[in-house]
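Below: one structure, written as structure tokens.
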């Protein structure tokens, strides 16, 4: 009897599920918005286009929508995810392969709801869960900017996703569970700057995209807002009270860092963050300031934790440090071109060693034609054992935090490419090939 | 303090402090002219040598980390009488103006070709992003790298299996 | 070679010790030393001597140029130095051609105050023009004298005799060796104004692209550079320099440095501070310690880098007229007006400056990669208060210098150190940051241009106001040397003087080489120089051609004419027209198209110095509007450098010029704040890297056999800049007037 009851219950659930799925599939595709043949030839006020350019910089649209070495915004950039590879789309105003026949309505729907002009759901690799927070006016400015870029004819590359994620209607379910549409409300108890900063950082800036961890479904774990995350093989540090910088950030230092990609007491932006700061440099000062105000409120204040146990035993690690790091990092040359004192380095004090491993292994490739720091790569100069010895020494000497665990494996996997890392020059413009020089070894 | 180095196939002892950059050991102690001082900062590639077949900037690599690994300089690629494939390519195409940057370029070519016998233009550009030339010899250097790849393939036919 | 101490390097074998000991007096090289002869016995003022070709005019004796030994060894001497521009092979080609010998039967000695003629500086693309012309005439006259000697011996008429393979050959097949004839031939005679030059139709060597022997040497690790000299007993020196130009040294922890391992000496002379150590890295370590402990009194504050135009305008000391014709103010026409600027630019040699010096008894020998061994010798002698005859400066090759960089300063540094440590060969190398911060730069310029387009789409008037200091900090003497300014009892810094000469300086190519009825070109001269400056490849021509060629394109647009067509309309010189047409044809020029895409083309032309090589080029560029990045994709140039001695050498120099100029044009600016230079390495002074290398560069040489050599080394600098600027305008629809055409400026222009 009991077994029969259970079976009946199960059958009922299956029926429900099937009905639910049918309903869901009905919702799973939205109506197409008619192509607008005149869209790409429309004239826009230059001020609107200029504001759109600033906003595109905050959104760092160019980074994901450009394949290295190919025309800007023409798509094709490979975004590896735990679920497979997603290739960004062409967002130049080419009518056939880009968004040249998207009306403003169609563009707005994509930004707000993550649905393309034809009505397909978009993958949240396009961070519409954050873009949904921005204002209609800003969406229009972005639209004006993109529609006035050179039209590039370039077919999109199909995504390569694990089953069943290649089936877009599944995204409707994802949205149902994790997506919350709508503009960001103003918080009246906070300053105007704070609100502006929050608007930029949580909207177009999509800081959370990297700096908040994700759950098993790839959605942001909002309960752990700004606890730190990961992007392209780099650790995105916590932007709340858990921020590991030895010298706490201040509004000024953060402003300078965001604006020019480096700060005396913290060093330089590396990895994908280099791309972010490379873009923010074009933003009006007041906006960058506002972001600093908001982010400072998230991090709060605390005492500095600068450590330098210079009296550590003169062992192999100390010898390596003297031969490899000290030349630049104990130099009197000011940042951005001299190395930061390692006692002030966030990667040395961070909970996870990945960023330091990346920096020592791959260095900071030169930014062609732009003044920007260069750090030589040490992947081929140092074998794994010396690399681990050196990093262990740096941690012991320059950080109050406990020793890292599993450094050997991290070094090994980073070198072999088992753990893929994207290297970028410090101005973030040219993308270096992943794991430059690291293969073999 | 003496360090033993294996350079161009021969073992030698270098009597220098362990943090001494490999560049000075090669130039001053071993009398090699190939590796050049350009910046000492790892920014220009003039000092490029091979360590176990991979391109390394000798100006920022202390002798203490080399261990038993094999160091190669341009002197190890061949001689004026019997130049190796990379040297032949640069000579054949007269790929030099002042030539100061060229030994570093040749060592990077050698490293690239050992890794990738048929490099595409964008791969060459990426690999050589580290190496500066102020004379503007780049067009010839690119040609010489492509020519070296041909000569290299002839000299080292791909083994089956 | 692999282990143990390196062999003592060759050039040191020529040191004064061997010369004196071996020859028992000043004989060997000095017989042929006109400079020395002048010192010893100045020639009595004579009536105006006849003008001789090239540098023969200054060094008039044949045996100063060509020496033939009894054993047939033939040596040619040139006061010009090898600076990475590969001049040795063409000079040998020229001399060997006229002597009727093979290129391998001749040794060439360059730039040694103890041995070669004084040919001033190796600069301005003038080596082949001056030294080549002198050698060619001298060699032809030596051939004639040898033939005459043989004819005398045989008692026959010289007519049918010829020189071949180091022999004079009679029509009947009899031969006499050069070495036999030289005893009865006086080569210590003044050259004649006219020489029986070989007919270009019979050239065996000139016009051939022969391989450079130094390339195989450099590719296999041979000792080829000054950096490779390692004389016995050599020690390593480093200097310590302040961040602020003109700073004076208050104190430094000399004792701490002296106590470091390997340190031989710490030398202080006023604000001149240096350390000498047994090993190179020991010297560097001690230098760092001194640097960290040194306390300097800053020099005068530097001007605001972002306001250099205003600074230039405010500091005009006098105005000179470069050219004036008609009345540009009164001429009729539609006006085009624009202001162009260029920043301080760096030579940025890949090998930092290096010098070797040794004081033995009372004789100082200095090896230097200077462009001017004679001027450097005089300056060093004065600096050290020595008789110039006791100072010998020998040229040794350095990395490419592209003008007057830190070489002379390093030579003076080394000599000053050597003067305090007699007997020890001192090897001094500047650190990268010292080279970047201390070399003399190419100066900033402000260019105000105003032109009118008159009837028939022809330019009716041209006014040009150039603001710039001098572009040459030499000869200058000790005041032009850093050591001269830093040592105790310092010399006041070098001050440039306005001087308007046909070859031009800051005003080089300021006067457009186009048919324009009314023109006024003024040089608003600035005497003050907050940063040390000196000759950088092409001097003022780089920015002047940029301004002129930008204006030509704008005027063509106003006239509704294709820019190539517009240029031809204003060019009468057929050789100028030829390069323009050739470049356009080879490029496949078909107009500039409409702006708005990501690719565009541009054209430019100039005759270097208005009297040397003709060069035109067309370029295609690619702009990334999102970041403002510009990449030169393709360049096609045509050059007429007169008779082409080595076409491949001309091509190599021109390709290099195009790429280097592209780097200047797109990327480069010396940066500074009040306290000093802030562009002190390759991260802060970025130059071309491989990602911006063009897809193709083609150079077409228009050979002019029998025509004078015009020099090729610098002709591409200005036109390349002009063509890229024009291509940028043609791509984005807006002109950027300030160099460099950086990402920031391009992005800004796109948004304006």
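First chain written, first letter: the chains are A, B and C, and each begins at residue 1.
As a working rule, a contact is a pair of C-beta atoms (placed from the backbone, for glycine too) under 8 Å apart; a residue touches a chain by one contact, two chains touch by 3 or more.
Since the structure is predicted, the reported quantities are computational estimates derived from the model, not experimental observations.
Taken together, the touching pairs cover every possible pairing of the chains. More C-beta pairs in contact connect the chains of B-C than those of the other pair, out of A-B and B-C. Here the CA centre of chain A is 48 Å from the CA centre of chain C.
Taking the mean of the C-alpha atoms as each chain's centre, chain A and chain B sit 37 Å apart.
Computed centre separation for the pair chain B/chain C is 29 angstrom, with centres defined by C-alpha atoms. Chain contacts: chain A has residues 366, 368, 374 touching two or more partner chains.
In chain C, 681-683, 688-689, 691 are the positions where the chain touches two or more neighbouring chains simultaneously. Among all residues of chain B, those that touch two or more other chains are 20-21, 40-41, 43, 126, 129.
Across the complex, chain A meets chain B through its residues 69, 319-320, 322-324, 327-328, 363, 365-366, 368, 374-376, 378, 380-383, 386, 432-433, 436-437, 439-441.
Residues 291-292, 433, 596-598, 624-627, 629, 666-667, 671, 679-686, 688-689, 691-692, 742-743, 747, 751 of chain C are the ones touching chain A in the complex.
Of all the residues in chain A, the ones that touch chain C in their complex are 49-50, 53, 56, 62, 66, 71-73, 149-150, 152, 282, 332-333, 336-337, 366-374, 429-430.
Across the complex, chain B is touched by residues 1-3, 5-7, 83-86, 211-212, 214-225, 227-228, 230, 236, 261, 279-281, 284, 348-352, 397-400, 402, 429, 431-432, 648, 652-653, 655-660, 662-663, 681-683, 687-691, 693-694, 696-697 of chain C. Across the interface of their complex, chain C is touched by residues 7-8, 10, 12, 16-17, 20-21, 24, 27-28, 30-34, 36-41, 43-44, 46, 73-75, 77-80, 83, 87, 90-91, 94-103, 106, 124-126, 128-129, 131-140, 142 of chain B.
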